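Both of the next two complexes hold chain A, though its partner changes from chain B to chain C.
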Partner chain A sequence: MAQLLFNGLVTGLLIALPALSLSLTFSVLRFANYAIGAQITLGAYAVYLFNVPLGWPLLLSTAAGMVLAVAVGLLVQALAYEPLRARSSVTRLVASIGVALALENVVRFFAGNSPRGYGVEIARPLRIAGLRINQEQITIMLSVLVALVLVWVVFRFTRLGRAMRAVADDADLAAVRGIRRGRVVAMVWVLASALATLAGVLIGLDATLDPQMGWNYVLPVFTAAILGGIANPMAAVAGALTLGIASELATLVMAPHYRAIVAFLVMAVLLLVRPSGLFGKQWVAK
Partner chain B sequence: MSAFELEAVVAGYGGRAVLHGVSLSIAANGSLAVVGPNGSGKSTLMKTAVGLVRPTSGRVLLEGGDVTRLDAPGRARRGLGYVPQEANVFRNMSVRENLKIGLEFVPGRVRASFAQRLSAMLELFPELEPKLGTLAGHLSGGQRQMVAMAAALMPAPSFLALDEPSAGLSPRNAALLFEVIGRVARYGVTLLMIEQNTRLGLGAADEGLVLVSGEVKAKGPAAGLLDDPQMRSLYLGSR
Partner chain C sequence: MISYLIATSALVIIAAIAGLALNLQWGLGGLVNFGLFGFYMLGAYVCGLFSVWGAPPLVAMAGAIVLVALASAATSLISIRLSEDYLAIVTLGFAECLKLFISYEEWLTRGTLGIPGIVRPFAAYVPQGYGDAAFLGFAVLCLVVVFAVFERVARSPFGRLLRASREDPAVADTLGKNVLVLRLKTFALGGAALGIAGSLHAFYYTYIDPTQFGTIITAYAFMAVVIGGRGSNVGVLIASFTVIALLEGSRFLIDVFPVLDGSQLAALRLFLVGAGLVAILIFKPDGLVREYRLRATRS
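For the complex of A and B:
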């Protein structure tokens, strides 16, 4: 049971970063970014490019991969989403499906379909208090926790964070208070792309890299974000942890390969019973 | 020189004009109330003044400078404060954060720290002091109006635009709010106000302007408009 809870916590933390990224873009741009899965894949492969073919250390490769993914994120915003700014959220959601297909196939074009892995040594699992803990799980936990604390600090205590929350709360009011929406939107893509890249690296460390890797996370990430209240970024993290633990505990009563059904069930029940999520209400009210 | 002017402004939405050549001017430290029936174009006039709607022709002048091409953040940086109707605070932020945002994105207007400006605002709106840590969305309508006004005044704007300040307030709270607007006017700010409640609006301003179907039907001293029986019966209603 304790092992299941621990594994669920790690799974939840893996989902938390892209859920936070999705919720961040939703809260400011008011559309559900379906391309979040492709951004995970793109980020993972951008880091792979620096880590394996160029032989850079993983930490440095992650930083370089983030820069590359952020540049792509800003380019996509300028070319695909900004021209559709005045259109409905459904139009932009459909555009993000197109972006997802394009990004995924760009990765496929350059990297092929074969699974790949980062240039890191395989380490023995540790035994701590009866729990079997992989090195990758420790890396995942520490990285995600540091990233979450950083994002929280930015959100709560910085000028940028206040600007993001202000635009998310009321874009017109933010404008008359002197906040330039364009700059805030750009910073949202910087953060969202960086978070998706980190998620991609951690998922790649946990399993392997393949062009479908991000796609496999789309449903859990959307479920986690909706579970928290999609316009509430930090609540999306709580949604991710809840979903991760629920998925692992479900293996007590069903075969592990049916675990994904939990995300479907949670999303279906939420959409029927409480579409605003456990903590959110804002976007539904609007 | 006027502190604020609209010159023959035509503006609207999606190619449909709502304002048809509206002109007005407000002297420095003066106040103007724009009144008129529903659908007269008052909100469009306000949005055009603050930069949320761009006019298709005409000019907007702030302290003599042409700000027609500036967007809302650009006009805020030039000293234009705005208190929108009802949705006028960041509801998911505390009162303190609302006031902080009021100052930190409008650089260069004042050389004062946040603490100094906060203290000045609490002097003007002492009711807000015990509420600084409260989420703005949890306040009453009247308290939210005060937060919105204090946030707009944080960077010491030279010009303040108030959009239907009495909207959604009980008569008692509306009267209290207009007492506050009187305090703000004495603070040395030029005021433009649109107001559905004719008596309150004209009662609080030096000058008045009657807008009907996007056109100026009358303008002059507010007290004169309020006392003119013909104006009252034709355009202002009995309120």
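For the complex of A and C:
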């Protein structure tokens, strides 16, 4: 039982980063970014590129991979989303599925379909207080927590974070007060791509890399974000943890490969009962 | 060469029917169905299973149409009162879960082994060697029926109401129209067409397994609607028979570019679909053909 809860916590933390990224883009840009899965995949492979073919250590590769993924994120924003800025959010939604398809297949083109892994030693799991804890799980917990704290600090205490919150609240009012939307949007993509990359690396460490890896996370990530109230970035983290634990506990009654179905059921019930999310109050679009 | 043409045409016709279904749901109704491939897959599996259990092909197809329509209506109910963002993720969730279910519930669907030996309609009356040609004829017939029905729907008061609720659900609501029921019907009607498309898929290949179904089916349908022009059934047909025919035809380019292997070529094709979708949204947002009654007023 404790083991299940612990595993659920780790699963939840893995979902937390992309869920945060998703609700960040949603709250500032007002569209659901379906390319989040492809961004995870792209980030994971960008890190792989530095880690295995070039032989850099994983930490350095992660940093380099983030830079690469951020560059791609900004490029996509400039090429795809910026021209669609004045159009309806549904148009950008559909565009993001196109972006997802394009990014995922860039990865397929260069890396092929077979699964890969990072160049890390396989370590023996630790046993602490009766819990079986993998080295990867510790890495996941620490990195996610550090990333979350960093994002929280940026969001809460910096000028940039205040600008982001202002644009998210009311873009026109923010513009009147002299906040440059372009810069804020660019920073949102920088953060969102970096978070997706980190998630990709951690998912790759936890399992393997394959071009589908990110796509498989789209459903849980969206569920977590909706659970938290989609326009509320920090609540998305709480949503992710709830979902992670729920899906691990569900393995008591369902086969483990049906985790996605748990996510779907959670989402269905939630949308019927409390569409504003567990923690959100505003922004229920009708 | 002939068999190659027949193969491409059959796939294009199936894609066109899926495109028409999406055009009703999204083009006319503004309801984003990202899980289109799930409903299509459900249609193929219901039809395939009924057929393997001994039902005549047309009965199996009718079963698929009814069940997919019901499943569409039920799925849309979950979120249909919220904005499009939610409907998109709910339909996608349905599709992904259905694919998981079909891949693992081997007692019902034989899992990844797939279902072989699906019988095509009128197979007993077709002389040996003309099976594909006869199938093509049947598929064309289905396409004509779906097109005729949807074109009627688009020009009927129901279609007008649908366009009105797409532009502003609150206005339609205020005028005493029940938007929820309207959207439910739209989703069910589109689902029926997806049941037809899925059945044709099962009949064409006579063998189905979960790997045949994926986001690419959804992406093709969106391509067809976006290129053709949202809301225009004629546009969807034109888009299907040009762009999707080209994309499908490019499967066979492998002989021309020996440098790239098969999976790279597939990746390249899907990349083009994705990038193309974005490009059309940016540069040709109205598509090829205007929606019925959506014309600039002449002064």
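Following the convention adopted for this analysis, the second predicted complex is superposed on the first by the 284 of 286 C-alpha atoms of A that agree within 3 Å, B and C clash if a C-alpha of one lies under 4 Å from a C-alpha of the other, contacts with A are read in each partner's own complex, and residues count from 1 in each chain.
The rule is simple: contacts are C-beta pairs under 8 Å (C-beta built on N, C-alpha and C of every residue); 3 or more make two chains touch, one makes a residue touch a chain.
Predicted model only: the values in this text are computed from it and were never measured.
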{"item": "Partner chain in contact with A:L49 - chain B first, chain C second, else both or neither", "value": "neither"}
{"item": "First, second, both or neither for A:L160, with chain B first and chain C second", "value": "neither"}
{"item": "Chain B versus chain C as contact partner of A:A268, first or second or both or neither", "value": "second"}
{"item": "Which superposed partner A:L173 touches (first chain B, second chain C, both, neither)", "value": "first"}
{"item": "Touching partner for A:L249 - first (chain B), second (chain C), both, neither", "value": "neither"}
{"item": "Chain B versus chain C as contact partner of A:A63, first or second or both or neither", "value": "neither"}
{"item": "Partner chain(s) touched by A:R87 [first = chain B, second = chain C, both, neither]", "value": "second"}
{"item": "If touched residues of chain A are counted for chain B and for chain C, the larger one", "value": "C"}
{"item": "Touching partner for A:A102 - first (chain B), second (chain C), both, neither", "value": "second"}
{"item": "On chain A, positions contacted by chain B and by chain C", "value": "none"}
{"item": "Contact set on chain A toward chain C in their complex", "value": "31-32, 34, 79-80, 83-84, 87, 89-91, 93-95, 97-106, 108-109, 112-113, 215, 218-219, 222-223, 226, 230, 255, 257-258, 260-261, 263-264, 267-268, 271-272, 275, 284-286"}
{"item": "Residue ranges of chain A in contact with chain B within the complex", "value": "159, 162-163, 165-166, 169-170, 172-180, 282"}
{"item": "Contact set on chain B toward chain A in their complex", "value": "50-52, 71-73, 75-77, 82, 84, 87-93, 97, 100-102, 104-106, 151, 155"}
{"item": "Interfacial residue positions of chain C with respect to chain A in the complex", "value": "30, 32, 34, 78-79, 81-86, 88-90, 92-94, 96-97, 100-101, 104, 169-170, 215-216, 218-219, 222, 226, 263-264, 266-268, 270-271, 273-278, 281-282, 285"}
